[in-house]
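What follows is chain A paired twice: with chain B in the first complex and chain C in the second.
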Partner chain A sequence: MALQARYEDVPLETKQHLFDQVKADARFDSYLYGCYECGICVAACPSARFYDFSPRKIAQAAGRQDLPMFYEQLNDDIWNCSQCFSCTRCPRGNNPGGLITIMREVAINNGLSSAKHALEGYGRVVYKIMSTGTQVSPDMLQPNAFPDWGPHVQEISDNLELWRRALPPDTLHTTSTAWEVDDRTLTELYLIWHMTGVLDMIKSVDMGLHMILNDVMEELLDEAGYTAD
Partner chain B sequence: MPETVLVIGGGPAGLEAARSVAAIGGRAILVERRGVLGGTPDESSYAALTPRMGSAQDALDELRAGVADPAIDVRLETLVTGCSGSVGDFSVSLSGPGGESSERVGAIVVATGFQHFDPGRETQMYGYYEYPDVITLPDAEKMLKEHTFVRPSTGEPPRNVAFIQCVGSRDRRIGNEYCSKVCCGVASKEAIEIRRLLPDTKVYIFYIDMRMYGYWENEIYWPAQEQYNVTYIRGIVTEIVGKDGRLLMKGEDTTMGRPLEVLMDVIVLSVGMEPSRGTRDVAGILGVDQNKYGFIATPGEPMDPVSTSVPGIFVAGAAAGPKDLEDTIGMAGSAAIRAVAAVRGQAPAQPAAAR
Partner chain C sequence: MPIPLTVLENRRDARDDRGPATPPTEDVRERVFELEAKGEWLVQRVPDPWIGVTTKYGRTKKIPVARTWHHKSCGQCGHIPGYSTSIFWLIRKLGLDYNDPKDQTSCTAWNYYASATSNQGAQAAVAMRNFGAAYESGYFPMIHCGTSYGHYKEVREELVHSAELRDEVRRICDKLGKPFVMPEEIVHYSEWVYAMRDEFAKRQVLDLSGIDVTVHPACHYHKLVVEDAIYDPDVYGGQRTAVVSAVVTALGANVKDYSTWFDCCGFGFRHILVQRDFTRSFATLRKIEVMQEEANPDVVLTHDTGCVTTLDQSQFAARAHDRKVGVPVMSEAQFAALAMGAHPYRVAQLHWHNTEYRPLLEKMGIDWRERWREFEDDLERLKGNDKTFLTWEDADA
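Right, the complex of A and B next:
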């Protein structure tokens, strides 16, 4: 359709195959009706203010089944969404953020290199949340602990207390005040990660992380009478 | 004083106006240029009506049955050739198969309708007279009436079909600055019918604004988009050129912010409404004012949409400007009541806007 498109070297069949997976998702029909192109989703979108990102275009490309544009978005746009779902104020009842959730899952399940790249920086966060069942707190933000958090991590961690006073968050959780997760809850969480396919998803983007998580979970699951795979 | 109302035009507006005159105890003479009643929906082979997809012929049959009444004198193949007198006592000359005749009537309802814009005219060409696969809404309607939709050049079903909206409407350059009101709905209706007939065909609608007010919104626009996957692209096509036996369409996808070129197999021009030849002629014969586009002027709008510049002469339907059938039928009833009241010398006080 468009005169210029990125990824022209990728065969249309590949794009169609990935689009079909998104469309086949059980949530798709309730996330996309039709689009007026009114722009209320973009107006509400925090990411759209900082990136070249438009939830409207996500909904439009999916509605039009515009495969070249869909494939561009699958690689270049969907990781700019913060998944806040402000876009659900759509008058047609669309959920562009929900479409992005599905697209992210398809990108990961198919091992797209753009997905791997986008998630590289989050390996330790994912490890922390999935292994302990509790949150990442700001005082963990140290260059040694999270060197993959970008070029400003040193500067931010040096003056963290100042930053936090300047931009007070609702809670001021730290490693010492975060809640403790008991073993039974953790066992259930591990089971959920396994049974819903989250671990398989991680496997397709980060083999190393998948191995470490499996090792951590194995013991507790064994004790509870489950086998880790 | 004659109790009779002359209704000019046997389309939906005229049929309903004549029926309404009889229903409230008046008498009507209904004159029609053609040999059959039904007007443009009949002459242009309308298939299914927007928005509810009911059969046009069934709807027209109902209207035709309404004028089978001893109080209604139907004159086919008849033209109005002259008019004199004033409200309550007009003398009109009619020319029909039996020759010339003169009738005295108390009031007149003009229901002479519209004609589809001719896309060959002036600048908005789009190759209508050059490429057989560039057609208009009524051309598509003819095929859909036969439950088929093919490329006229080959007789094969098309892979890609595009509608171009506002052809002959909303264009200062060609003088038609108004919106023709129904084309968005009719194009969407035809798009649905094409998708039903040809589930593998992609159908696009290129538009400036989609204007489907009221219930046309959820009865036509949403289903077209949501159930039938008709693709709406905001942007008007600049030109169409032939390429390898297909049609290359150039335009801008304005909401995506990029130029586009697409190959189409059939392009349907959504032509708007212009005053019919009959409307222009009858306006001159009756001496009623026309607006700058040639439609019958209605100086009493918005509260009085049926009075013309001449007392005792009323207008109904698309003779007064673009109208859908709902508005046409409502207007016809109103014009009939006003005409009968004028005949009986009980014309209601003119609304403030008309004074």
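Right, the complex of A and C next:
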């Protein structure tokens, strides 16, 4: 199918509405200053080497307000970005990786099906970081989760509890979190998620995850006497 | 949209006004203090004593020697715990005071860069909650993760330039009962390791003159808010960040150059968790193989969570394709600890690493068989419940 043709049926108003949300982000103006078309960002970009992906096109579509191209990128490109920010080598001062951060937020806030698809299999990680305050945990090291890392992962999994006890720092004797986070701190984190609308973002892409997180958080917040307003 | 075509000219004019030797960017720390003077927030000062280091545009950055509050890293603590343990061991070896807190959360930026299931306000609130916790403890934040460090610098910029964001986050901190406080400097642990490298060299017990090292500079250390990273004219003519490389040199090992040093490791944030075909390909084809062909290193050293994980774990599957892999990977903190006599399993915890590291230990003069036997004895004692946990005293026994 020709470039952008698969999104021809999407009304221009929808594309404009989404673009306006990206442009309204406070960071937008400091991430885009025009484009020389020099391609330095593409040369530095790891994703450009393995995907049909170009940070130069991201900057150009945003600069030109090219709505069909923007919409295509919002659905097909942004999840390929590595978010390494090598593209900030731009001599013009652009930050295509930063534009993509904003575009991803807009994709999530609007519950785009492409965003839901990109996050398939990722829900357990969102659950981990939002509910425990640490992104990855020792007990995630299971052979079925990391088969490409070899039998070494099985060895860690088999010895996990014992090997964690063999760590001198007191905070690291955990298996379900990266380190020990106290309950009060966790309660404060939950309050942040509530007060900043992050739980609503989760709701727009994964209703089931939202319900589980809400249950976990409400209990601790209630116990601590907080109301999330 | 109107494109500001005069942006470069304006920057040049501004630089000319300040003089040709002045940095091309503002010193955000001045703005941080201005906001303190206006009563907008508190600024936590770097405690004495501190060491002055030079950043990208020649400014001096204060690195605290001691009384540091350790903002730990999810990936380090969770999957490569010898990384965090080695940082603490180095501090303890120098007899310095530190705080390993339980009232710290992740910066949550790994998730933010992977899934975008967060927003500016939440990210800034998480940062300021952690900074508030550090301030309450009386210890100064030292950040273990490169992404946390880079992201917190972004957050600082955003808070400095947006009164609206400051108001939002201040309200949240008030609700949490946390002080609204910004540290005077945002400090990465590898900056402390850089600043203390001569102290490590004085205490070194191994001869590393035969060890060749390639260095991978972490993207979120030197590509996010670039002016805050350490540069040194004696390291690559000041054209690359000096952290890690200067430590290798101070310890008497050999830094070997390779052409793809600027490339990322392939971590990709979401890719390492749910799209590792990309991660494995990039890590092995653009990093490890290039290092092998151009420098033939004994070890790859880096200074961030994701880089150690990616470069180490990605090599296993590449063996099935007969790729030229097989170089051990660790942090410079683990390497420095080993140089100072740290136990490879009790402290550096190398059994959590994937790529074969034993030939490296032999070359460094470490009897890994004997050290593993000692560690197995530790495990037996733990199994038999003679001990609940391995202690710092055990680590140095």
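Keep this in mind: the second predicted complex is superposed on the first by the 181 of 229 C-alpha atoms of A that agree within 3 Å, B and C clash if a C-alpha of one lies under 4 Å from a C-alpha of the other, contacts with A are read in each partner's own complex, and residues count from 1 in each chain.
Assume a contact is a pair of C-beta atoms (placed from the backbone, for glycine too) under 8 Å apart; a residue touches a chain by one contact, two chains touch by 3 or more.
Predicted model, so just to flag it, every value in this text is computed and none were measured.
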item: Contacts of A:Gln65 with chain B and chain C, given as first, second, both or neither; value: both
item: Partner, of chain C and chain B, that touches more residues belonging to chain A; value: C
item: Partner chain(s) touched by A:Arg56 [first = chain B, second = chain C, both, neither]; value: first
item: Which superposed partner A:Leu162 touches (first chain B, second chain C, both, neither); value: second
item: Touched partner set for A:Ala26, first chain B, second chain C, both or neither; value: second
item: Touched partner set for A:Gly34, first chain B, second chain C, both or neither; value: both
item: First, second, both or neither for A:Thr185, with chain B first and chain C second; value: second
item: Touched partner set for A:Glu105, first chain B, second chain C, both or neither; value: second
item: Touching both chain C and chain B, counted on chain A across the two superposed complexes; value: 33-34, 63-65, 92
item: Contact footprint of chain A on chain B as seen in their complex; value: 221-222, 225-226, 229, 231, 233-234, 253, 255-256, 258-262
item: In the complex with chain C, residue positions of chain A that touch it; value: 23, 25-27, 33-34, 44, 46-47, 49-51, 63-65, 79, 82-86, 88-89, 92-93, 101, 104-105, 107-108, 118-122, 125-126, 129-130, 133-138, 140-141, 146, 148-150, 152, 156, 162-173, 177-182, 184-186, 188-189, 191-193, 195-198, 201-202, 205
item: Contact set on chain C toward chain A in their complex; value: 1, 3-5, 7-8, 11, 72-79, 81, 84-85, 88-89, 100-106, 108, 110-122, 125-126, 129, 133, 150, 158, 162, 164-165, 168, 171-172, 175-176, 178, 219-220, 223-224, 226, 262-264, 266-271, 273-274, 276, 278, 280-282, 286, 313, 316-317, 346-347, 349, 351-352, 354, 375, 378-379, 382-383, 388-392, 394-395
item: Touching residues (chain side chain A, partner chain B) in the complex; value: 1-4, 33-35, 37, 56-57, 60, 63-65, 69, 92
